[in-house]
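Next up, some structures in structure tokens.
Look for chain A in each of the two complexes below; its partner is chain B in the first and chain C in the second.
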Partner chain A sequence: MLLIDRYAWANKLRTRHPAEKGCLALFCLTACLLADSAGVPLMIMSVMTLLVLGAGIPLRVYGGLLSVPAIFLVCGVLTIAFSVDPPDAYLVKLFVGSHTIGMTEAGFNQAAQTFWRTLGAVSCLYFLVLTTPVTDIFASLERIPFPSLLLEVMILVYGSIAVLMDSAGKIILSQSSRLGYNSPRSTYRSVIWLVTNLFLYSLRRSAEMHLALSSRGYEEKIRFVQPEKKVTPAGMFIAASSGLFFIYLALQTGVKGL
Partner chain B sequence: MESIIGLEDVHFLYPDGTPALKGITLRIPHQGKTALLGPNGAGKTTLLLHLNGIYRPTRGAVYFEGSHIRHSRSEINLLRRQIGIVFQDPELQLLGGTVYQDLSFGPANLNLNNDLIHKRVKKALELSNLIHLADRPVHSLSYGQKKRVAIAGVLAMEPRVIALDEPTASLDPCAAVELMELMDSLNAQGTTVIISTHDVDLAVAWAKQLVIMEDGRIQLTGTAEQIYKQKLEAHRLNLNVPFVVEVYWHLIETGLATGIEKMPRNRKELLNLIHKPGQTEHLSKAKGI
Partner chain C sequence: MHIMEGYLPLNHAVGWTVVSAPFVIHGLRSISKNIRNKPETKMLLGVAGAFAFVLSALKLPSVSGSCSHPTGTGLGAVLFGPTTMSVVGLVVLLFQALLLAHGGLTTLGANTFSMAVVGPFVAYGVYQAGKRTGLSPGVSIFLAAALGNLMTYVTTSFQLALAFPDPVNGFTGSLIKFGTVFAFTQIPLAISEGLLTVIVFGALSRYSFKEMQDLNVLGGGCK
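For the complex of A and B:
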């Protein structure tokens, strides 16, 4: 989370208007979900990877981030790939008692497609969050009809995560300096203490924060403004047209479920 | 001097029944520089939170510009527009997002139009020397920077009174001096400034009016000269005595300086007393050397 945040604040695409990046990411995401083949998602993924690397995010970091959903995905698509007693011929098979478990060609194709479509979609989201600071996204969401309650919760959560992590870090440090994590027994005790204290701290802090924000005139709604960023026509055109191109390509190669 | 805020026999009990304020009567002079001085737990913060209607007195009354505050919603709104409070912990006061977004929060709550909000934010950024940080996320700043953002957030609302709770606590000396200079320049432009502190040296050097608090009560009110004029009286009351005053008393007692009417309020004034060549001559003659 904080790693993503750090790169979002310091990358070469940071100054581009969030609408340009958001438009590209959303269109490509749509194309990935529509596509009924691995081709379009693979193309999109390479474009996103090039953009992310071009923005100055190290391959190691991007690869590491991508591997997290990839691991879950592999587990997920395995259940799609393998089937029990199918009518088709097997590529791989395994006998379990009177049943046969195996992977058919259709199963394999479907699994591969699902894998690439999902990973392609994830790469679009990673492109957005790695190049766009959360606060830019907030500012954009404020302009479109987005539930303001949800937006306010997002703002408060984003502002508080850093404080909570910081407090947790300090408590852990002070516990370790008193040998709090020396044995399984003391670790167990320390973790209980940590969680309890963080909970109480959060409760107290939220009450105090309400007072402090009230002092700044907070009543029911969190409002803020920020300097306008200029949408560059060229940037917007490139983002929208390449996004639409991928959607067109996805539609041409066959649409999922149609 | 005309007063902008008045407290009349204010008592305050915490919800658990612990008394925090035990009959505070106080006038805050208009466009003045007031310091609430006292140890931890004396009730300084609780008193500050009465000024803009966050706490409501259990007994007693709060006045703003002569009118009794009855804590209706509209009155509290009015108070919070006019009186800005800077909390001791800047993290409590900051909303998050970028510095610019955070600073716009207060003015946006005043229902100003966007142009005016931008103008206010830019002015506050300039005053607090934060322009280069405007685009940074608040949570990535250092403690001192967060403190400056918290203060700027209050400045952007352009209050007539600004109250700071322990403004220099956990700041390095340099940052503390800068902060108090900023408060001085605001005061020169007509803002009433109130600070709470346990730093007696800072309070004496900076404030025009000192309010010494102890255990929920006001022990003494007055200028530094009035409060520290009598050494015996100060000792009897068990006051915490600023360094410059202690040296000043010592200079007078030992005869190293005579005929000094004006009590020094900071190191510079104290050093001026000691280094005046004319005075040394005068002393030598007096002692018959």
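For the complex of A and C:
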């Protein structure tokens, strides 16, 4: 089972209504995008981290997830910060052949702003995905105007992921036990067989699933029994007001340019 | 190459969502037309989406030294056609954000445009052009998958350069910067994806001719 999925199903905030969690996460995400200094994203990140840890997700797991986009973040921020052949006003410079690569103040500011905004936003996303199972998100999407065909495809995809992951895991295990990933050459061959067989298995499974569901009267919509969850007024109020507070704060600091 | 959550400023995040929306809406319309004639199509799309997601979720031992996983964009575009892929791609990208922490919600629009719109359209166009000019199927599929992958990365660099113009050299300078930085990982990936797709496609048409023909219902190009 996927790590995020596992914690989404088993954490202390699991029983909160998805609207409360979604509202907080999306408002804070907006606040991070509006912010142009470190303050608001850092505040949001601390709140989200506390919530995630409070929900019983180990720090090790949360930290591990934060390192997933780290390569992109580091490459991306450094690329923004440095310019080729900058004019005299630079902070750091390197000589590469006949060119200079240097960091200007404008480049540094833009990179710093992007760095903080991204960190804040990533923590909001992680809070949402680590505390809310995907099926709860589907149930919320059903309430708002959302293309029903798109939602249906999403439900079908989610339903098949676990099965295909399991089959892929078994194929990889048996390939490795036959030294299938021992050399680059055999790795390449094993990957090809894995992809091909998984694809054929998927095709067959889709045909079987269609038969099984049609024989149970499936036409347009798979219906699920959703466990009854109530929006608590207090929870909703706290989520919405703190989200809006951060947006207000981001706009304020944005206007003053702090 | 996914743009991570929060990396794009608000106006760019909204802008790219607006740009991608018509492609997804068009894709949904064409799918629902298909479903009316062939109800099993919906199930096929669901499983195909899960297949693409699982490929990206597997931690395969690296082929080219970097963390490499096939995107399946080229394969999907050739089999299902680009309009269908825009919807499947969007769903896969959403699950990658929700279950793998790859990409993000605010950058979903931008990622959909580069990976689910530009990539598949380029791959499909190249494949069709290759077929018409009489290239061998292997060569056209290699070019389709590799160029589709490559154009995705060029589009991402373009999106990043547009969002973060260089303070000294402007948009062009920034495009060159992002293009160079990500070229190191993306060019080997494009080539290995091309090779992988050729061999997978070959194996598929050898061992499951019937299923491949059935896929034609989706308006894909495999004949």
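We take it that the second predicted complex is superposed on the first by the 227 of 258 C-alpha atoms of A that agree within 3 Å, B and C clash if a C-alpha of one lies under 4 Å from a C-alpha of the other, contacts with A are read in each partner's own complex, and residues count from 1 in each chain.
Everything below uses one rule, namely that a contact is a pair of C-beta atoms (placed from the backbone, for glycine too) under 8 Å apart; a residue touches a chain by one contact, two chains touch by 3 or more.
Values in this document were obtained by computation on a predicted structure and should not be read as measured data.
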Touch count on chain A, higher of chain B and chain C
C
Taking the superposition as given, does A:G243 touch the first partner, chain B, the second, chain C, both, or neither?
neither
Go through the superposed model and pick first if A:T187 touches only chain B, second if only chain C, both, or neither.
second
Is A:M209 touching anything from chain B or chain C once the two structures are fitted on A? First, second, both or neither.
both
First (chain B), second (chain C), both or neither touched by A:G22:
neither
Counting only touches as set out at the top, which of chain B and chain C does A:G235 meet: first, second, both, neither?
neither
With the two complexes superposed on chain A, say which partner A:S160 touches: chain B (first), chain C (second), both, or neither.
both
Can A:G107 be said to touch chain B (first), chain C (second), both, or neither?
second
In chain A, both chain B and chain C touch residues 5, 155-156, 158-161, 163, 205, 209, 213-214, 219
Chain B residues within the chain A interface of the complex
49, 52, 54, 77, 80-81, 84-85, 87, 89, 91-98, 100-102, 104-106, 108-110, 114, 117-118, 121, 134, 136-140, 153-154, 157
In the complex, go through chain C and note every residue touching chain A.
1-7, 9-10, 13, 24, 28, 31-32, 35, 39-40, 42-51, 53-55, 57-58, 60-61, 63, 70, 75, 87-88, 90-92, 94-95, 97-102, 104-106, 160, 164, 166-169, 173, 176-178, 181-182, 196, 199-200, 203-204, 207-208, 211
Within their complex, chain A touches chain C through residues 2, 4-5, 26, 29-30, 32-34, 65, 68-69, 72-73, 75-76, 78-80, 82-87, 104, 106-107, 110, 114, 117-122, 124-126, 129, 134, 137, 147, 149-150, 152-161, 163-165, 168, 172, 181, 184, 187-188, 191-196, 198-200, 202-203, 205-207, 209-210, 213-214, 219
Touching chain B in the complex: which residues of chain A?
5, 9, 133, 135, 138-139, 155-156, 158-163, 205, 208-209, 211-219, 222-227
